[in-house]
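You will see two complexes here that share subunit A, one where it goes with subunit B and one where it goes with subunit C.
Presenting the complex of A and B:
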């Protein structure tokens, strides 16, 4: 019973959906049955085209995410350990965190083109903020006793940063990665919905334009499963690297 | 006892008042080429039946899918849409019927027809030169998408394989063509006139040239349920609509100024009144043959439909004034 607990709410929601779909209260075009969504889902995963479109979205999401992870960790660590860098960058990050970067997408299209680059740049920008800010707080929270020990043993600043601050900040870095990864996927899908000729977001828009709600919802399921799988993979990696501080996911 | 009687009388009076209220038509509208319909709200004095036999509430939608979703959710009784969008909806089993025409894509110097333009000094001289390039349309499976694909097919190109068809907003088309992000873009008024004034762009083909015949652009549709429940209301509405259309065609400049004043149009009024207008039938008659041809094209050439759509069943012009 305990093993089933994480799925209870999902099953309740699916049952509620099925009841709504068969209630005749709403058009089946708005509320297609789970069977129709399942059929479209199967059609999608059984064709190579579906996998190609999924890869296109993942490639964009990962492109921006990896760049943001590298830059964000670096900036966050520097801000956390250097008052000078923090005073330089903190106003910029704090002042622009709330700006919806998506509003900049039309400009990015003009600068970086209609293809993947404009999308990757926007994903990078959206992910950079959580990566930098969470890493910054992690780097600031390193126990002083660890730093004193490193200094007593004659470690240089760079060595201390690499061998002491970075490992101590890793739990925060992974927390940032877990925040940034779904953001990367969401932004990839949204930018593809706005302007693209491929990817899952494009297929969502295309399905909506054809009034194929069942197909659109099958794509939503694909995106949800991708998000879930990526999060599980990240947690598994975290538990391997941050072995001293295990993390639980209930449906792992 | 006295108090109870007073309450009962109050309820009866208010029920009677509600029963006397004219039927409300909740109509989903768009943002271009529907002037005579907007005029019904901007100038209610032109519509003698409004407020007496029906009430009109126009709700703005940016795109067709949202409008149809609102309709399916029971939030709309009627709306405007391109003929091909209604064909899509009918193919999915949505119960709606076209009852009147709003505007048409037609050849002729006196009419505006949607233009596909390229960079004046660029390498694209004919549609065949679009091979390997990109055409900007305003949305997938929209009329602009259909015309672009028709233009490419006419030039012997296979859309998506030889030439990409890319979704882009109207405001971004001009700059995208100039900066070669796309090789051809879709231009409608008022963007067409604004871009022509800037210069540097040239017409490659028009919507009418692409499909090869004059055809319906926008139509008015009603839910079949509403048509059955309130036939007299629809007749009264369409009588006013035809009156507004005739007024619009006879007094276009004044009508455009009224629409601008009422906030229906954001284009500077001096530019707006000078723009060429789409063809509009004064009696709001629908060009059914053109819808049939579009439907066949969508089915056979574009594979946009899984099965044929009966266009005759989709259009009902019996509510229009005789």
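Presenting the complex of A and C:
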């Protein structure tokens, strides 16, 4: 019984859904049965068309995510190890942190066009904040003893950054990546829901407006699985690279 | 803080604005207004009623969603943090669905709760629930055992231990979660309004985009930026008020 506990809530929710679907209290449009969602899901994964749309969304999410990861780690490390850079950039980041960058999307559309580029730029911008800020905190938390010994042994500034600060900051970098990756996926889906002709977000709004609720829910399942798979892949990568600090669940 | 770093603090922002204004003198494309023009339009819009109506409509979606989502998240997160059996039941589902983009539920919510404000408030609440839950959970779990032991030793009841030891210890984490949730509530509010709404700042920016009213686009953008910034400041102020013993680090 104890081993079953983690699954109870999921099973209860699924059962409640199935009961609601068969109760005929609501139209099947509102609560399509699990079987119909499953069939739509199978239709989606068994056709190359679905994989293409998934790839489109992933390409946008990864494009912005990777750029933001590189830029954010560089900026964060520089801010963490240089008081001048920190005093230059910190007000900019903390002042605009709570501002929804999504509001810039309409302007990005005019600047970068309707295609993938405007979305990638927005994803880059949204991911840049957690990447930079968390890396910054990590770079500041490097033990001074390590820096002193590196300097003592005659390491140059660049070498210290690369060989001491970077590895010491790596756990924070992975924490930042784990915050940024779902953000990248979310923003990709949102921008596709707002304005696009392809990608998973577009398919969601398209199936809703053509009242294919079962297909829409199947897409929600696909997107959820994608988010989960990416997160697990990141944790696996982290546990390989940062082997000296184990982690199997969420880290704040 | 020295004069040099104070200068550096505002220097970059000022430099960007001046460069932007100089570039505008050379002639920018239609969609890029100069800072002075944006300020002019913004102050003109402050005199109209529409801006206040849209801002109010947006806030009436974001704030109830934020309140409901964080309240539920903090309560359940604390409960899962202190009660083992509840933790084993609830946490797996929460952590499993955490990396899922919650905004994809918006169309589903629109089906169930209509296309009005209710579906938007609920999707905002859903999005805010996660950071609130996770931070409260880890905050409560990180309570140092020795503190609990000494409280128990001195005869504190379980309720008292929760109120006087676990809760104050978890508060910094709870505030961190609320800060993330607040930023998230604005993002989701804006997204939901851009996808489907008949009022609000997200609706305003969409309408401005469709009618090529760039001035309105920037007015809406600036309003949302100011609201987001003000909300964050308010939360930070509350944090220093409730947590005077923590040094205020953003």
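Going forward, the second predicted complex is superposed on the first by the 239 of 252 C-alpha atoms of A that agree within 3 Å, B and C clash if a C-alpha of one lies under 4 Å from a C-alpha of the other, contacts with A are read in each partner's own complex, and residues count from 1 in each chain.
In this section, a contact is a pair of C-beta atoms (placed from the backbone, for glycine too) under 8 Å apart; a residue touches a chain by one contact, two chains touch by 3 or more.
Nothing here was measured: the structure is a model prediction, and the numbers come from that model.
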- Query: Where does A:5 make contact in the superposed view: on subunit B (first), on subunit C (second), on both, or on neither?
  - Reply: second
- Query: Does subunit A have more residues touched by subunit B or by subunit C?
  - Reply: C
- What is the contact status of A:197 with respect to subunit B (first) and subunit C (second): first, second, both, or neither? first
- Task: Please work out whether A:149 is in contact with subunit B alone, subunit C alone, both, or neither, and reply first, second, both or neither.
- Result: neither
- Message: Just to be sure I read the superposition right, which of the two partners does A:186 touch: subunit B = first, subunit C = second, or both, or neither?
- Response: second
- Message: Just checking: does A:30 make contact with subunit B only, subunit C only, both, or neither of them? Give me first, second, both or neither.
- Response: both
- Mind working out whether A:210 is in touch with subunit B, subunit C, both or neither, as first, second, both or neither? first
- Scan A:91 for contacts with subunit B and subunit C and give back first, second, both or neither. second
- When the two structures are overlaid on chain A, which partner does A:106 contact: first (subunit B), second (subunit C), both, or neither? both
- Query: So which bits of subunit A does subunit B touch that subunit C touches too?
  - Reply: 29-30, 106, 109-110, 194, 205, 208
- Item | Touch list for subunit C against partner subunit A, complex | 5, 8-13, 29, 31-32, 85, 88-93, 95-108, 110-112, 134-135, 138, 173, 176, 179, 182-183, 186-187, 189-191, 194-195, 201-202, 205-206, 208-209, 217, 220-221, 224-225, 228-229, 231-232, 250
- As the complex stands, subunit A meets subunit C at residues 2, 5-10, 13, 29-30, 83-84, 87-92, 94-100, 102-107, 109-111, 181-182, 185-186, 189-190, 193-194, 201, 204-205, 208, 213, 216-217, 219-220, 223-224, 227-228, 230-231, 249-250, 252
- Note on the structure: In the complex, the residues of subunit A that touch subunit B are 26-27, 29-30, 106, 109-110, 113-114, 194-197, 202, 205-206, 208-212
- Query: Hey, which residues of subunit B end up touching subunit A in the complex?
  - Reply: 64-65, 68-69, 72-73, 88-89, 92-94, 134, 139-142, 160, 164-169, 172, 175-176, 179, 181-182, 304
